[in-house]
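The structures considered in this document are given below.
The same chain A turns up in both complexes below, where it pairs with chain B and then with chain C.
Coming up: the complex of A and B.
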């Protein structure tokens, strides 16, 4: 009896260290943040001294035009980077899914940007975007085009371009992997059925890659909502609020405005948004699993 | 239907030549089976005809027109793959109609065609299902259906039955034979299974090591194999091979080896006389060995029974003749004890002789 009990407890014992770490490093700060978000809390106070204000921070934020602007910037940043990264990444994968000499070198080169530390990426692009000595404007000048006010009037576009440069490879390698694991014979069957290259892509390759593409897109979306370093280094959110994404606003609210409660509430808004996307992703994979299981069961019944 | 002609077809992967000049002429509406062990080049040949592999040298003619530079879709052929190669995201109807939809045929025509083909293959109830919801046999039918809807001039089959279990395979083989009689088309069929080859083919092409070993009707190949490879490849249980030497004694021709001394009496005896004293391999099919305890010693093989495999009406006995192993078939009712010596009369016209070095038939 005792032995059976011990056997049943064994798996939990093995899980215990991970659970302890999760609680200390994840659940505790998370709970702390949620609790803090209901308080009017200055960094000079301990959380116990701070006044409890209920949902005031959330309501203030909801009506705060600056927060809304920041949310808008974040949403449009995420939308544009993910859209362009998906299009370019999948396009490149479709283009480079072939055996040409030197292709492996080319592929390695393509994924290099992803390996560079974000701060370095930010510095690099800030230099390239520099109004007078930057690479782009010097190039435009040399071919007689007017220079562009990269990090000024077009700041949001510029940070979007930098993010696309850095993260397209992520989508590229995942789509390439998906592409290369497609059933080869189905593609051959399509060729014999008379599909041209484009028709193969539209009717066979893209539909078959879709599960991977959806998960990849959602992963990028989650990441895009949390982007901070590159923009911090390039624009510090400026000019004005034009590139002040949520993560940046949170950090400024906490450090410059010294409003920990508001910052916590803002983090919670972001968390809710991300949770929603994550749940969507879970639901999608779950739905897929259920579907394959159902299909398999149906097929086995027929045997 | 246009006839297909392969002329000195060569395939190289880098420096490795895997097909060494294949010449083959297929008549109209002929069911041609390419058969051979894995790695013999049969699938490569088929894929080159399909246009899925480049031709390194030589030419493929379909209806007199060289096609080796054409895309698969311009060769007017349909193909059934070993793993069915269905489009997993399309239902059965859409799988079958894919080619027609690409050709932008009118919807009414497509629907009719799919319905007709589905009816002949017994797929009518499954048209809305995805391939994942079908059993192996049904998927196989869909793959055939997809080829049939196309109305292509030539059908290619790449080991279409090898993913099915034995019972289903037999069933589908019969259906294929029926189908090939009904649809008068060129059919080229690749398999490693000699039973499929023998039962389906108008013409069998036996391949080995990137060469065509022999081609002809199943009967020709079974009765007059040109070399030891073809002789051993076709027929089940396979032909027995015994090493020996041709001898002439008092006007009669014998093949003598370790454990046997057989007098030749068949039609070919006179032509064999000129190969006197040659080292040969004697080939006898199990079906040409008849259990007969009273046959005269010169016409028989005496075998030590090692293993008896009961397979129903027949038993297959694995025996020893000198150092060689010999398989024979006997009626299951025959009383056989392991270790017993049994005498088998040899059908005089069932004796095949091969040169021991070149393995070519004498």
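Coming up: the complex of A and C.
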């Protein structure tokens, strides 16, 4: 009797530490933030002392041109980064999916940029983009081209390039894994039927990889909204607001302008955006599962 | 096992060489520059001809060196202290996240219990939360709510032992930062480990249970050894985040609990950047992840594909 009781409690005992920590340090803070976003909240006050102002923070933000610009910067950063990384990453995977010596060494070198601290990545690129001592401008100078104002007039582009450098390998590795797990029979059949390389890619490889590619792209999209340190070190959001993504603006609103309520409301806008993307990912994987189940059922009926 | 490799055109190898230069080049550049004097970096006689010096590293590490370098008259950069903080925080949070995370993952995979679905759904959802979103609430809570009153028994005991003023709060302590990191990494670790635990054959566990092992024994003696590759992958990813994170650490740390990324950002934002020293500190911060990558790249790749593809 006692033994059965203990067995019934086992899963809860295994879950308990994780649940306690996540409630204390993740869910409760998130609720606290939602609550705080309805208040005019200064860092020196406790949340109880802060005045309740209803939706004021949200409405102010909605009409704030700076917030809108920052939102625009965030969206275009995420869009360009994910698009270019998907194109380059998948392209490279298709190109390098060959039986060559030293592939594992190659993959090791490619994941290096992802593992290094974002702060350090920002530091390296800030040096390379430096107007006078930087690597790029020196190189341009030595071959007689005019120098480029990387972190000035073209700041957003420069930041996007740095992110592409850091995260394209992620897409590359995942799509290479997807490519190598494709059913050999389909490719074999296409080759026997005389499909050219391009035809194989467009009609067989890409459609079969699609589920993995979509999930990868959405994961990368979610991560693109988390980028902060690289940009902070490279440009600190400037010049002007040209590279001030939302994450950076939240941290500045909280620490420099000392408006915790507004920062909380801004965080909520960002969360809602991300929630939307995550739900899309869920819906997609569910749909995918249902479709494979249906296909399998159909195949079984045929037999 | 002998594998034959396809022969490729020269252009193909040229492309690969270009890719390798592109991905490793910036790291190499930083490595080389960290051994240059500022004069050499700025004067721009670019290339490999310079006198390598470890002065930058000496300046960076001046507070833990056993001798006093000639060129440092005032040791302002407390890098050694920050490095130790980073190590403590990253190691402790990695170990705790792994232990807690694999227990939870095991329960989610192996048992049917009330609330299982909502737990696994929540785990998935919180994976998307960016650190910046946690900044405001964590700052508020850690400074104001998660405190022990200094007049209480425990609070006064801590104040008597460690000194300091005011209430005893989580902010400014190692444990405060560690707690956030564990919470941030748990969802990902649980997600990765689930996909490894599913592959452990049930019959093994049942055999152990028939031999009289309790649930905890089954878990520690049978399941854990079998999911070692998964644990390695999860450990590397957790360590990477805890080691590299800047934003939350900067909000929660005080002068004594600063981590290395904070130090680097603080030195960057000043107007006149000392490139040599900054690159040396950056290099020191980058060394542990580079070592992991070189020695455990297979686990990293397994972890990445398991985290994204399976699921």
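Here, the second predicted complex is superposed on the first by the 288 of 303 C-alpha atoms of A that agree within 3 Å, B and C clash if a C-alpha of one lies under 4 Å from a C-alpha of the other, contacts with A are read in each partner's own complex, and residues count from 1 in each chain.
Here, contacts are C-beta pairs under 8 Å (C-beta built on N, C-alpha and C of every residue); 3 or more make two chains touch, one makes a residue touch a chain.
All values reported here derive from a predicted model rather than from experimental measurement.
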| query | Since both structures carry chain A, what do chain B and chain C do when superposed there: clash or fit? | reply | fit
| task | Using the superposition on chain A described above, determine whether A:203 touches chain B (first), chain C (second), both, or neither. | result | first
| said: Counting residues of chain A touched by each partner, does chain B or chain C come out ahead? | reply: C
| said: Tell me the contact category for A:179 with respect to chain B and chain C: first, second, both or neither. | reply: neither
| task | Determine, under the contact definition given at the top, whether A:292 touches first (chain B), second (chain C), both, or neither. | result | first
| chain B versus chain C as contact partner of A:190, first or second or both or neither | first
| field | Which of chain B and chain C A:124 touches, first, second, both or neither | value | second
| task | Look at A:228 in the shared chain and tell me whether it touches chain B only, chain C only, both, or neither; answer first, second, both or neither. | result | second
| said: Between chain B and chain C, whom does A:159 touch in the aligned arrangement: first, second, both, or neither? | reply: neither
| query | Is A:95 touching the first partner chain B, the second partner chain C, both, or neither of them? | reply | second
| Least C-alpha distance (whole Å) that remains between chain C and chain B when both complexes are overlaid | 6
| note | Interface with chain A, chain C side, in the complex: residues 3-6, 8, 15-16, 19-20, 22-24, 26-27, 29-30, 33, 41-42, 44, 46, 99-101, 103-104, 106-108, 110-111, 113, 116, 119, 122-141, 144-145, 179-180, 182-184, 186-187, 190, 215, 219, 240, 243-244, 246-247, 251, 261, 264-265, 268-269, 275, 278-279, 282, 285-286, 289-290, 292-294, 297-298, 300-301, 304-305, 308-309, 311
| field | In the complex, chain A residues that touch chain B | value | 183, 185-186, 188-195, 199, 203-204, 207-208, 292, 295-296, 298-300, 302-303
| remark: In the complex, chain A touches chain C at residues 7, 10-12, 14-15, 17-19, 21-22, 24-30, 32-33, 36, 41, 43, 46-47, 92, 95-96, 98-101, 104, 106-113, 115-128, 132-133, 135, 138, 165, 169-170, 173-174, 177-178, 212, 215-216, 219, 222, 225-226, 228-229, 232-233, 236, 246-248, 250-251, 254-255, 260, 263-264, 267, 270-271, 274-275, 277-278, 282, 285
| field | Footprint of chain A on chain B - complex, ascending | value | 50-52, 71-73, 77-79, 81-89, 98-99, 102-103, 129-130, 132-136, 138, 146, 150
